[in-house]
C-alpha cells in the first residue's frame, strides 16, 4: 500500500515546518533551470548559482525557476529564504505524499499537483510530486526528478513571437497546469487500452491471471482518484481566488483546465464502472465454465452408470439365471443398452447439455 | 475504451488554443448552410462562400449558420475570425471529445452538447459533437458530419407564419437544443427495447451471449451518462445566466428543456437499476441450472451406485456363496434391487429433486 | 421498459408547444365535472358545455373543473384558450410521461403529479398522469381516465358546513394533493404485503419464480421512485413559492403533505433495502441447497465406490486367488465391507453431512 | 412490512385533521399524570380530571401533563381544545406511524419522536410513538402505552433542590428528549450484542438459520434508521428555531442531545457495514464448505474409479487372458493397485485436498 | 461490537451533566503534569497539587496542564471548578465514547479527539479518548492513560529558543492536534502493511483464515472512520471559529492539520476500496479452485466410466458371447480401450481441463 500512502510517519514527532524529505530518493541530484523572458527578451540559465539567480530576480520580465528534484532539504530551504516562502510551503514541497491543494499566502499563491506517468513494464501508474509558486513576475516550479513534461512550454517561451511571451506570470502557471492535465489524458488512454485488452481477455478466456490484473487496475484507478479529485478543487480555488496575481484575462484559460479536470474525473469514474462490470463478467464466466464441466460429467455418468449396472447384473454368478443360456441373450442385452444409451444421449442433447 | 475517451492526448504539448481536430475524420467534407430570416423574410444559402456570408451578416433579421463537419481546422479558424470567436471556443469546437458545457463570453454564449444516435447494426450508441454560438441576431451551429437532426427546425423556419420567425435568436437556440433532447428520447426508447429483449432472454434462457450483451449495454449507459449529466448543468446555466442574449420570454422554454433533461437522467438511472437487477437474475439463473444438473447426477448416481454394488457382490467368485445356488436367488436379488431403486426414486421425487 | 419511459419520441421534430397526446388512449372519452361552491352555495354540473362553463366562471365562489381523460388535444386546447393557459402547460397536460413538477406562470400555478394504483391481477403498479392548475378562485384538475380518487373531496364539498367550503382555492388544491398522497400509502401497503409474502416464500422454498417476482417488484419500486422523489420538490416549491395564490394559512397544510411525501420516500427506500436483502437470501438459499445435494452425492459415492472396488477384486478371474477357496471368505468379505460402510456413514454423520 | 409502514391508509379519503387513531390498540386505557413544579413547590396528580387540570393550568410554576396512550381520539381532542392545539397537531399525535419532526406553531412547538425498546423474546426492535408540546410554562407529553421511560425525570422533579426545578419548561423538554436518546443507546447495545453473537456463529458454523437472523437484523437496522435519521433534523431545528420558548441557556444542552443523535446514526451505519460484511463471510463460508465436500468426493472417486477399472479388466471372461494363469498375477495386480492408489493419495495430499 | 459502541447506556436515567466515567478503567491512577512557559522562562511540575496549580495559574506565561487518565470523576470535577468549565464539558471529558467535536463556550474552546494506536499482538486498532480546553494563556489536555504521544511537544517546549515558546496558547493546541494527526499516519501505515500482506496471501493461497482477517480489517476501518471523519469538521470549525482565542497567524497551521485530516480520510477510503476488491478476489479464488477440482473429477470419471462399462460387458456370463473365444479378443479390447482412453485424455487436454 506504499503507493497509496507515502511514509508520512517519518515526520511524526517533529515540529511543524521541519524540512524533511518524504518519498523515494532518486539517483540523480537536484537540477535547476532558470528562464527570464519578456515580450522582447529571452534568457536561459542551465545551471544557475545563487548569485546569478539573484541577478535574474532583479531584472525586468518574468522569471521561471524550474527545480528538478525535491529531495534535498537544504536547497529547498535556501530557495525558500531567497523568495521568502512560508515554512509550511517548504514542508509541502519536500513532502511528495502531500495531496493536491492551493493555498494563498500574503505575497504568493502555492499549488500542489501530481504528474502522472504510466510505467509500461510494471503496467502501473506512477505518481510524481509537483509544486508551483506564483509571485508577481516570478514562477517557481518544483517536481520530483524524472517528471519533466514541460519541454513544450519551454519551447514556446523560446519562440520570439509566442503568445505566452506577451502574457503575465499567471499565464505561465496556466501553461504548466495545462501541460500537467494534458499529460493525464495520455495516462488515461493507456489505462483505457489496458481495460479494453482485459475486456477482450475476460470475455473470451478468463483466467486467475486476468483477475489479478483487474485487481491491480482497480488499485491504480483508486490511486488516480486520489490525485485527480482534489485537482478539481485546486483549479477551482485558483478561479475563485481574488488574488491580484491571477488576471481576469487568464480566468477563461483556467476555466478550460478546470473543464478538462472534470472530464478526467468523469472518465475515471466511467473506467471504474466498466471494471466493476468486468469483474461481474469474470465471475459469471467461471460459473458458466463450471456449469459446462458439470454437464459433461453428468451426461457421461448418467448414461454409463445404468449401463454398467446392467452388465453387472449379467456378471452375477447365480446358478439359475435363465437369460444367460438364451441364444441371443448377449446381443439382446447389447441392443437394449444401445437403445438406452442413445435414448439418454438424445434426451440430454435436447436439453442442450452438450 | 476509445468510445469513453476520445484521443485528447493528440494535443498534449501544444500551446493552448491550438486548432487541432480531435476525433474521427469522416469521408465527407465540411458543408455549410446559411439561413436568414425575420418575421417577413426567409432566405437560404445552400453553399455559402465567405463573401455571401459577410453580406448576410450585414442584412437585417436573424442569421443561422449551420456547419456540418468539424474536422477542418482552417475552416473553423476562418469562421472564428469572421465572427470574432475566442481561441478557446474554436479549440472546443474542433475537439469532439469536449464534454457538454456552457460558457459566457463578452459578445456571445457558447454551448457544447452531444447528438446521440443508436446504431442498430452494432447495437451501440453513437455520440456526435455539437456546438452552438449565440450572438445577438446570429446563431452558429456546428455538428460532426452525419448528425443532422435539425430538419424539422429548418422546416418550421420556412413556414411564413411560424411562431419561430417572430422570435429572437435565443428561441432558435432553444429550438435546436429541444431537437437535440427530443432525439435523446428516441435513443432511450431503443435502449429500453433492448433491455426488454434482454430481460425476456435472461428470464427464459440465459446464455454467455446475453451476458456479453448486458455488459455492452451497461457500457452504453455509462457513455450516455457522460453526455447527459452535464447537459442538465448546461441548460441550467443558460437559465441562470444574466446575459442579455437570453430573453425573459424564452426562459420558460429553456425550463421545459431542463425538465426533459432531468427526465432523461432519471430514465437512465432507472435503466441502470434494471440492468443491475438483470445481472443478478442472470447469475441466479446459472446457479439454478447448475443446481438442476447436480440433482440429475445425484439422483442417477445415488440410485445406481448401491445397486451396482449389489450385483458386484454376486459377481464375486468365492467358492462358497450359498445364495448363488438358491433356486430363486437371482430373481430375489432383482426384486430387492427393484424395491431399493424405486424406493430411492420415490424419496427423491418427494424431495422434489427431479 | 415502456412503463419506465412513455413514448415521448412521438413528438421529436415537432415545434415546441405542439399539442399531441402522449400515452395510452383509453376506451372512454373525456368527461367533465364542474363544481362551484362558496361558504353558502354549492352547484354541480355533470356534463358542462362551454357556455355553462363560461357562466360558472363569471359567478362568485370557487370553481373546480375536473377533467377525466387527457387524450383529446382539441378539448385541452379549447380549455387552454378559455382559461388562458400557456402552450407549454397544455403540452405537459397532454404528455402522460411528464414527470412531476411545479411551475409558476403569471396568473396561475401549474402542478404535475402521478396517481398510482396497484393492479392486483398483474401484481404491478399503474401510474396515471395528474395535473392541477391553481388560479384565483379557480382550480382545474386533469387526470387520465380511470384514475378518479377524488370522490371523498367531492363529498366534503357537498356538505353545507364543511371546513373546505370556507377556505380559498389553494385549500382545494391541498385537498386534492392530500388525496393523491394518501392514495400512495394504499399502494405502498399492497407492495409491503407482496414483499412480506415473497420474504416468506424465499425463506422457506425459493424458486426461480420467486426470483422473477422479486425482479418485477424491484422494477416497480424503480418506477415508483421516479414518481415519488420529484413529488417532494413539487410540494416544497409550493411551500416556498411567494405566489399570492397560496395563502399563509394553507402553508401548514402543505407542510403536512410534504411530511407525508418524505415518509413515502423513506418507506420506498426501506423497501428497496429489504428487497436487496431478499435477493441475497435467495442466492444463499440456492447455494445451500446445492450444498445439500452435493453432500448426498458425496456420501453415497464415497461409501459405495470403495465397496464396489472390493467386490470387483473378488470378481477377478485369476487362477490362483487363495481367498476364494476359504470357507468363510465370502462372509468375511461381507463383514469387512459392512464395517467399512458403517464406519464411513458414522464419520459423515459426525461431520454433519446428512 | 407492517413494521416499516403503519396502516396510514386507514385515513385515505378523510378530510385533513380527521382525528383517527392509527396503530395498534393496546389493552390498557389512556392514563394521565400531571406535575406542577416551581423552584419551591411540587405537586403531582395521578388521575387528573378536566377540572383539576384547569385549576393546575391557572396556578404558577411549570405544568407537565403526561399522557400514556394515544389511542382514544376523544381524549386527545378534548386536550387539544383545552390547550388550543392545531387540528394537524392532534392528527399527528394520534398517528403512531408519523415520522419524527418538529413544527413551530404560533403559541407552541410540536415535536414527534420515537421511543425504542428491544423485545428480547422476539429479538426485534419495538418502536413506540412519542410527542411533545412545548408551551410557555407548560409541557405536554404523549406516548403509546407501555413506553414510559421517564421515571428518572419524574424522580429528579421531586427532589426539592434539583437543578431542573430552577429551569424553564424547555429544560424539561430537553430532559425528556435526553431520556429518549439515552434509551437508544440501550437498544443499540443489545443489537450490538446480537451482531457479535451472529459474527461468532457465522465465523464458526454458519447455517441457514444464521442467515435468517442476519436478514431480520438488517431489517431491524432499516427500521431504526427511519426513526433515527429524522431525529437529527428534529433536534437541529429546535436549536435553530428562533422561538422564544427555547432559551439561550438551554441551547448548549440541546447541542449535547444533537451530538448524541449523530453518534447513534454513526453507530447504526457502522452496524450496517459490519452486517453487510457478515453476509459476505456467510456466502464464502458456504462456498468453502461446498469446496471441501467436492474435494472429498473427488479424492475418493479419482482413486477408486481407475482401480475399479483394473479389477474389472481381470473380471472379463475372455478365454485367452494370459495374466490370469500367472502364478503371482493376483498378487502382482493387488500390488500395482496399492502403489497406484497410494500414489494418487499422496499426490492429493500434497495438493492439500484433504 | 463493544469497540464500536462504548457502554453509554450506563448513564441512561441520570440527570444531564452527571459526572460518570464511561469506558475501561485502567490499572494506573490519574497523573498530572503542568508546564508553564514564556519566551524566556520554562517551568515543569511533575506532580502538581491544587495549591501549586493555583500559583501557576496566577503567574505570567502560558500554562499547559496535562491530565493522563480520565477515569476519576472527582478529579475532573475539581479541575472543572478551578477552571470554571461547563458541566457538559466535564461530562464529555469523562465519556470515552464521546465522538470528536469542537464546542465554543464563553471563555474557552473545547475539543474532543481520539488518539489511535495499533496493537500489534491483537492486530487491531485501539482508540483512546483525548480532550483539549483552550483558554487565553491556558491549555488543558486530557487523555486516557497509556495514550501519551506528546513527548515531542514537551521536548520542544523545553528548548530555550524553540519557536513554540514565542507563540500563543492556540499554537500549543495546534501542536498537540498535529501530533495526534501525525500519529494517525503511523497507524494507517501499519494497516497498509497488513492489507499488503493479506493481498499477497489472498492472491496466492486464500484460506478461511484470510477471510476472517479481512473481516476484522474491515471492522477496524469502520472504527477508524468513526474517529477520523468527524475530525475534519472539528478542525474546520476551529478554522472558521471567530473566537479571539485563535489568532490569525495560527490559522495557516490549522489549515495544514485540516489538510492532513483530509489526506487520512482519503487514504482510509482507498483502503476500504482495496479491501472490498480483495474480498472479490477471495471469492473468485474459491470458485476457481472449485472449478479445478471439478475438472479433475470430471476428467477421471469421464475417461474411466466408459472403460469400466466395456470391461463389465466382457465380464457378463452369457453362454454365447462369440468375442470371448476369439484368440486376440482380450488384447483387441485392451487396445480399443487404450485408444478410447488416450483419445479422451487428448480431447480434455485440448479443452485445457488439466
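Read from first to last, the chains carry the letters A, B, C, D and E; within each, the first residue is number 1.
Throughout what follows, a contact is a pair of C-beta atoms (placed from the backbone, for glycine too) under 8 Å apart; a residue touches a chain by one contact, two chains touch by 3 or more.
These numbers come from a predicted model, not from an experiment.
Q: Please state whether the interface between chain D and chain E is built from the same residues or different ones, using more than half shared residue numbers as the mark of same.
A: Here the answer is different, because the shared fraction of interface numbers falls below one half.
Q: Tell me the angle, as a multiple of 5 degrees, of the rotation that maps chain B onto chain D over the C-alpha atoms.
A: Copies differ by a rotation of 145 degrees.
Q: Roughly how many whole angstrom separate the Cα centroids of chain B and chain C?
A: Spacing between the chain centres: roughly 26 Å.
Q: List the centre-to-centre spacing of chain A and chain C in whole Å, with centres computed as mean CA coordinates.
A: 42
Q: If you average the Cα atoms of chain A and of chain D to get two centres, how far apart are those centres in Å?
A: It comes to 42 Å between the two C-alpha centres.
Q: Note the residues in chain B that touch 2 or more other chains, in rising order.
A: 283, 287, 290, 294, 297, 301, 305, 308, 312, 315-317, 321
Q: Please list every chain around the ring, with chain C first and chain D second.
A: Starting from chain C with chain D next, the chains run C, D, E, A, B.
Q: Which residues, counting only chain E, touch chain D once they are in their complex?
A: By the definition above, chain E touches chain D via 1-2, 4-5, 7-9, 11-17, 86, 88, 91, 97-99, 101, 103, 105, 208, 211-212, 215, 218-219, 222-223, 225-226, 279, 282-283, 286-287, 289-290, 293-294, 296-297, 300-301, 304-305, 307-308, 311-312, 314-317, 321, 323-330, 333-334.
Q: For chain B, which residues are in contact with chain C within the complex?
A: Touching chain C: residues 151-152, 156, 162-164, 174-175, 178-179, 182-183, 185-186, 188-189, 191-193, 195-196, 203, 252-253, 255-256, 259-260, 262-263, 266-267, 270-271, 273-274, 277-278, 280-281, 283-285, 287-288, 290-291, 294-295, 297-298, 301-302, 305-306, 308-309, 312-313, 315-321, 353 of chain B.
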